[in-house]
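One structure is given below, encoded as structure tokens.
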């Protein structure tokens, strides 16, 4: 099968890293292509960047919807997830959502360890959107920016391990989700330190895409993710307009 | 005070209607300007349009943030609300959020009556985001599109009254929120029919903006809506880039 | 418009303070009268006093229901709120309820800082009654009595600021509600200290009353707050009996 | 042991009925006295009457607190429950609360069948206050007033049986709670008709009082129901003032 | 009445202790027999033992269902509770469930103090199964095993008192439930230390059984606990097979 | 990889059916063995059978824990899931849990369609145990027994399609989970009829096992599913005793 992984931000290094991560545990017959959007923020650390990235990511899914069998939004805010699910019936996976569903089957509760404190409310709302608030022990932040995770992985391992340890000891977490696409290379290192399962979102999403594809499952088109209504998009990219021209 | 009302969609007629609605119950000293974004869908009836509109609305708030005292997102999906709150500390109101908070103080529970059934999941998630799921009796849809609400108000009154009546009789609603910015002109007509308070979102948001302004309240900058981090937005509108250049 | 503010307790100084607070941010054309009930506790710090005050406050609303356009119960337990909403269809505002709804539109979550620890369970239940438990980060108490808030405002500012700071740092609060009517004079002082929006309940209720009045909204009479049934009240104040004689 | 049962309303016939009900399943060594308050509504069918009754009931508990071993508030809105628990450490039982806790141990979910539709929101809030919202299948109303339950028990059985049947068939109820103190004489008749356990509140509370007494359990005085603070109650009944003079 | 108390584990000493506890506050006319299952773990400290014990306990209820008026599962995981309720319509009580329902009527919230940390997730799920998650302040563990509670009661009192004290001070607990059947002898000792009501589960269940019996209440047979369907149990104890042969 | 699928019941035909289903969408390199327990009910339609089956299934996992890479409990009540997770750190999947997590990623909400009405409460509790109650639109029953699903698949398709259709139209379901292991052969037939994704639990669990294995994830051993404590199991199967002899 062919999977398109879309880095939510426009950092080239991070795109390369996500690509490597996505391929690490993929099956031999899974073809993965990782891209970044044509425009948007270098990193996503708040709602502002998330909303810009959502539109940019949406455009990539629109552009490539016939070329791939599944799409992965590789940013831990799952930017534009619901919208992307409207313009294709092939599986679209958010890396937060995918990792949290897998984590829920490995322990009583999971925690997310992530970057700057400002993303905590955003992730709290995301967990509620996903519907797993009763399985989430806590969301714990560090003082790492997204790009520092990339540039200083050793420090990232150190700080994330510390917060993960506190999540286990103080919050009742039994599984850890890494709350940033850039943390993919660190999963097994942190797992060894903390002693509980540690999940990267991109890997989780790739693996989930594989099984949805195998089981021939598609996104439900009955209401939430029905095809867009026919309508005019004023001054908007033709690739998006095409999504509203009937499916 | 000066309020900028931003219609989420690009329909000219609807923008004019929203403008009239916004002014209907405003105080004499409240100056209201209503605009539509430079690009985007003619109407918003799903996540796809919502996400495009979010970015477009965000750009308008960014462009005008120094000219107004408060900003209102006049689409009942509150598109881009959290992001807009990051780029200014002046009040930013969503019309769904504002109407639901007022409705909660007028009866035990409220229901939302709105357009096509496909928006029901979107609004269910919105109610949870807003945090009022325990005050919301139901979300009831009609077969009206957003533009049909505009073009055939009599039919809209008829259909919305019917669903509102069912919400009261069957779901335990005691107050009705009109779930589309285009329904503003119909509030008091439907109220008379149904016999319970009926709230339009735009009016609710304008009035809430007035009192937040009077009480000198600003959006909290402590985490969820902190100013954007300094960073590069690649190939993105300069007006948005400016938001990331420090505040 | 004319608003009747009813201090829940019978303290004269506090009634004067509440009156000043109520007028501080009111519109010039809002006429505010502040009274205290004919009987009842000097201060409210538990359910016992609250229930006595509820009946006393109810009697004041009954007595004056034709003279004012809106009624405000100026005690942070919102004593008798539901009952008062039955005997008039004009807006009746609780200061806790009003402040929490406004606070919810200024940040991800709010906390309440208040008097003695014994009121914490009472306020936890109140938040659930209001329906905003998912927006409330915490309720934090001090060792201040209600009357000490009045008599030693500097100490009150100091202690409330400390708890508010902890609410922000430890509990994820982004907005603070002052959990006692007597704290009205302190809102902007504490706001300056803590650096997040701080809301007084009385001001919040006065401002909300203004906009409900402007928008011509009344309390729903469909069930929860329907007019009282006709019936005899034995040995009860005639002003209350009148409420049951048909509306 | 000696139990004081306080009818929330001032109806003499109903007080006699409650007295008979309270004694029906009591142990031989349980002495039950049933009284009605010195003032207040003939029946309670809304918040207005409930709040007046709360103060009246509170006064009875205050007056008799040294003479009995436990107190039962025999009105299905549990009027003044929290306040009464502050002025004594002996068990104080609400008939709604007691019946719902027992019902929860007899089936997956319970429903309440009760009087006029206007009490439904009140009972919904009460269930949330009690904390059993996840065990409550539904609250179903009839068009019976409280006094009609008394005066026409056959009609009451008929209407309550019908709603109870619907609760079982449509809402998933497996146990029925009778939502009015006046329904006590009907429990076993309705149980026979519906075929699931039917609980009267007064009996439930009497029986629960017996076992709390046997097990030497008292109300916790640590916060929610701590003894009232010392303070002046202006123009208030001396029996209530005494509660604030130190315990 | 005759009550069968079944210790979930096979420890002889603990069975004797539970028997003494069960009788301590029982009425003179309540005949209590306490047994342990024919097979199973010496103590229950996880799901593994719980599931083995569930089947073993189920067999005891099946064997004795005609000889007793009520059945009590005396292990704080309420092992097999739902299954036991299917094979008889006489009251079957879980000691966790019974104690939590009583505790809820004595304070705003209760906490459970118990043995090893590994049972915390199990008890969290149990509280949700019981439906009292909104009344439960916390579950606090010690490093005591079940058998150490038996063998060193003084240490148990010390450690449980410490955790109970923290539950009151830090978590908002007002009542304490002892989370292990072996803690029965310690209830009043710990109560004296902590100063809030302390409930043992076995006593709570015995007392609740007494009143359900008095009030002639039976388990609802309408769905969750309907009699088992007729069917073959392959290679299974005849006493269990008999449960499926029609009732 | 090698997966052991354990049919919860002892029906030979159903075991064969589950085996075929488990292999239908498995990867070529996944080796699947399907067994039934040595003892227990022919079918599981209530808590009674579930608890007997739990112990029987547990014994099979214990017996084979070293021979397989993952274990699947192929009964839609996930019998003994938590206990099985204690005795191995290899993935143990419940078919209900696995299918609900996948379903959650294909639509706004899912419904379960299943056998006799008596299992509805059991499944409601299971959904809460799994933590997905906010993603579950409804549980809908038919009058099919488990064995009738096997013996008359056409009738099963007809009845399940009807309930699934109602779940979509009336309850807001967008995805359907088949609530019985015996329904595996029907998934794509019902999907074609209903027009929304339909998931079988066994397939879902097999596919999830594959990816947990690929990603080298194991069950967390930190608390909920820690290895059993060392202890004696009296008169219990040696294969179970071995689980308590240290790992």
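Every chain is named by a letter (A, B, C, D, E and F) in the order it is written, and numbering of its residues begins at 1.
The working rule: contacts are C-beta pairs under 8 Å (C-beta built on N, C-alpha and C of every residue); 3 or more make two chains touch, one makes a residue touch a chain.
What you see is a predicted model; the values in this text were computed from it and never measured.
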Touching subunit A and also subunit D, the following chains: B, C, E, F
Chain copies touching (subunit A, subunit F) - same or different residues, decided at half shared: same
Cα-centroid distance, subunit B relative to subunit C, in whole angstrom: 28
Whole-Å separation of chain centres (CA-atom averages), subunit B against subunit F: 44
Sequence positions of subunit A contacting 2 or more other chains: 108, 120-121, 125, 128, 134, 172, 174, 223-225
Touch-based graph of the chains, sorted into line, ring, star, complete or other: other
Contacting chain pairs - touch in the sense defined above: A-B, A-C, A-E, A-F, B-C, B-D, B-F, C-D, C-E, D-E, D-F, E-F
Residues on subunit A engaged by subunit F in the complex (per definition of touch): 25, 27, 91, 93, 97-98, 101-102, 104-108, 130-135, 168, 172, 174-175, 188, 195-197, 199, 203-204, 207-208, 210-212, 214-225
Residues of subunit F that touch subunit B when the two form their complex: 108-109, 134, 172, 174
Residue ranges of subunit F in contact with subunit E within the complex: 10, 38-43, 45-52, 54-55, 58, 80, 82-83, 85-87, 116-118, 120-122, 125, 128-129, 145, 223-226, 228-229, 231-236, 240, 243-244
Residues of subunit C defined as touching subunit E within the complex: 120-121, 124-125, 128
